[in-house]
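Quick one: the structure is below, and I'll ask about it shortly.
Chain lettering (A, B, C and D) follows the sequence in which the chains are written, and residue indices restart at 1 in each chain.
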Amino acid sequence: MWISATCLLNFNIPVATPFIFMLRPRSGWQQWVGREQYLLAPSVPTVEFTDPFGNLCQRLVAPAGQFSVQTSFEVETAEFSDAAPGAPFVEVQQLPEDTLPFLLPSRYCESDRFSRLAQSIVAGCLPGYDQCSAIVDYVRGTTTYMPGAGQQIVSACEVNMMPQAVCRDMAHLGIACCRALSIPARMVVGYLENLQPMDLHAWFEAYVGGRWYTFDPTQDNLRGGRIAVAYGRDAADVAIYTQFGDPVDLLQMDVSVARLSGAQL
Amino acid sequence: MWISATCLLNFNIPVATPFIFMLRPRSGWQQWVGREQYLLAPSVPTVEFTDPFGNLCQRLVAPAGQFSVQTSFEVETAEFSDAAPGAPFVEVQQLPEDTLPFLLPSRYCESDRFSRLAQSIVAGCLPGYDQCSAIVDYVRGTTTYMPGAGQQIVSACEVNMMPQAVCRDMAHLGIACCRALSIPARMVVGYLENLQPMDLHAWFEAYVGGRWYTFDPTQDNLRGGRIAVAYGRDAADVAIYTQFGDPVDLLQMDVSVARLSGAQL
Amino acid sequence: MWISATCLLNFNIPVATPFIFMLRPRSGWQQWVGREQYLLAPSVPTVEFTDPFGNLCQRLVAPAGQFSVQTSFEVETAEFSDAAPGAPFVEVQQLPEDTLPFLLPSRYCESDRFSRLAQSIVAGCLPGYDQCSAIVDYVRGTTTYMPGAGQQIVSACEVNMMPQAVCRDMAHLGIACCRALSIPARMVVGYLENLQPMDLHAWFEAYVGGRWYTFDPTQDNLRGGRIAVAYGRDAADVAIYTQFGDPVDLLQMDVSVARLSGAQL
Amino acid sequence: MWISATCLLNFNIPVATPFIFMLRPRSGWQQWVGREQYLLAPSVPTVEFTDPFGNLCQRLVAPAGQFSVQTSFEVETAEFSDAAPGAPFVEVQQLPEDTLPFLLPSRYCESDRFSRLAQSIVAGCLPGYDQCSAIVDYVRGTTTYMPGAGQQIVSACEVNMMPQAVCRDMAHLGIACCRALSIPARMVVGYLENLQPMDLHAWFEAYVGGRWYTFDPTQDNLRGGRIAVAYGRDAADVAIYTQFGDPVDLLQMDVSVARLSGAQL
């Protein structure tokens, strides 16, 4: 199926300020970017580069004054995210090399401190996908998804002691538990159809049974209609924008996602 | 300035056939992809990956029957390509690492066989940009640009003995001579505004004075209005499509480029 | 000058256990690996790969029983680390792309929380190298270097409230403050001649004045005689070994560093 | 088993000359570099970098006068190269991304011109490993291995019309035929135990049955005892040294390979 997504950012910039944006999805596994638009107003010289995780990043200096970034995409994506109960754990020595960085502890996923908890959560599970499912159940059971509740990024350790959290931080907890079991897990930032309320979203993927699978502690059913914009070890790697120097004002951020009918294509 | 470009490919496919396309430009130096569209009909699962030179490649299996690829782009690009007479030669030991592969001989640029010729062409020139200009003059003076004259790719050695050639093969000769002087040179495939007759185009870039500069032996004046789609060592690296298995028919290939006025953006 | 370094690790392994080691230095800037030895006993199949930061990593499964890793190196390195008072701050938009990941907060360097502190530390300093020096003075002045005092890795925030710390954690604090000023900073793990007591060492590098410079809060004078083994954003990236599954015993870890005279080469 | 290899290069350099060497093997699949030595006399500042194919390259400026490069290695490697008759052809759409560059024509492997020949050579063979074997038989049957017979690198097309050739050029022919059948094939430069006469050696690998397999048209039996130093598309990618500027004299090149007994380790 095809979905469209837009993200509009509107800044007030006191003095010329360097930015790195991470707003352009790539075509990849079950994701085909058929149309895209990425407009800067005013238009400024911009260099695009690829970060160590393969994300396309846009570097520019925003001039003083009003500055807006308007992106929109039409993407073919899966209607349902694959589930694979029983998919087996992959021994570390069999993992593809590019999954290995996603085994290590990272800024917001202190996986080395989750050994005991992760072991207890997955007691009795078949190693692999079923462990990840148990972890998602745990995160969903102990933390209430509360969109907009978290301005400051919090880490897995912190989330684990909080009654409620945003999608990004719930993903941190899920990732930390997976890694504590030697399952590679990575953060995904992107769009999700019918998210309530609509916003950018974050979830995670775990590598079991020979491929990455989607897990989303914020949703009761594993829904599709996702567009992945960036992958990383945690929120530190996948900020949609990083701004250097004195703070600027984000005046407006509008996100929309819609399903396209055949007639619109 | 903004220009739009479209490329439509229409195939007749006897049996399901694997393809690699290289049709998606990246935003980069003096090139900002503001809008793009990349549609496959029928739509098929496609994986996008990055080749060793940083080009985005699309891999798919085209099903039997009619198959079309339709791409279009709106890109902000420079109105004039920078010229820099006098820009100095960069000593090999000072070259950035990512320029080094472009010093080596390659499939169609047998630079190791051009030492003597290159030396004679640039006799008396200041090392660097002026040498590249002299090489372009040589290519333009000894080979007549004859669009459509070359179906089979020919190498620098071969071009040098031919009275006429296409853009791609003229670039091969220019590249081989630059490399023979230890100047990194690379092939570019892309679009050029007002090309006569309109088609995909190829030119080359050489690294002097600390950056890459554009050279185009087919054009009397170094014009801008270019969109770079792929970079490589020569035509072997930057085929816009590579098809495996039994040959298929390319029924149609339409290319158009137009300048956009402010009102259209 | 040439120095030799050895590191011997001796494990007791209860059950076959996957490991990733990061013990092989690469030749690079002011570092030439002239001789090296990397022996495993017993010998086991090992795959070497490069992580996202360019470090050589060795992946293997250690069999049950005694397992030892013995590495030794003879490296030509600088007698003095370059200092460059006055070297200017590089604007973010001018930074090379491969320095950009070292601007972001990371597991143990919560740079986003150090804006205010970093600004106060560097008040009155010329932007760039002198700011880094002031940061090193701050770290050295508020934290006492206490080798062996830290088994658990602690982050910059934590170190900043501790009276004493190990080299690794002092580096975390220095890195976090640099990044808070938009100066790329990275962790280095390696060997240092005459370290007291001898052990593996950690320090950091900051990118100012167009290149990386060495900073070491544990040493009163910026000494040379260093061998860099791995680079990363913080200790999470550069563990000399990562072990998966149930804990194993590190029975022995011996490190030695010695200067070689000309006669020994 | 363990083997040792040495390579000594001795140059006379008229004026300071930039070089890129490709002389340091990496640990990898069935290859573990246990000891190595890489000495330059006189010692000069050297930067090591990784080329697009993952090879370690050493860049330096050799000063005027005598200049020598002395490398030696002790490597654990397989006693027999794996053979896998019947291993199946991998469909292009299933190939790992890093094998794809090895499907394209390259400087010395004009695979696009070998369709007909390759098809006739493999008539009746099971697609995959058996096709590669038939190609090796063809190369061995039509070309006599004549060490030292080829100073100038020749391409597959040229080799195919020559009665005798060196290892490097026989590999070119084998590679071109494999690629013409959509089988990824790559050049390997390295050492081979008991090569007669001893020299650096070249062979090729083809990707069938889910991994790379070794093929060597110069040897009647597929022997092990190999150390791979560099991988590439053909000889243009894997020169053990590339020298820029006016020619220099290679006064001496000594290669030795020996099997190590357990007692020597």
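Heads up, the rule we're going with is that a residue touches a chain if its C-beta (ideal position, glycine included) is under 8 Å from a C-beta of that chain, and two chains touch if they have at least 3 such contacts.
Everything quoted here is computed from the prediction, not taken from an experiment.
The minimum number of touch steps linking subunit B to subunit D comes to 1. With centres computed as the average of Cα coordinates, no chain lies farther from subunit B than C.
Between the Cα centres of subunit C and subunit D there is a gap of 36 Å. Inter-chain centre distance (subunit A to subunit D, centres taken as mean C-alpha positions): 42 Å. Annotation: 30 Å between the Cα-based centres of subunit A and subunit C.
Residue numbers of subunit B whose C-beta contacts span two or more other chains: none are found. All chain pairs that count as touching, in label order, are A-B, A-C, B-D, C-D.
Listing the residues of subunit D that touch subunit B in their complex gives 18, 20, 49, 51-53, 57, 59-61, 91-93, 97, 100-101, 103-107, 110, 182, 236-237, 239, 242, 244-245. Interface residues of subunit B, counted against subunit A in their complex, comprise 26-30, 32-40, 43, 45-48, 50, 54, 56, 58, 76, 265.
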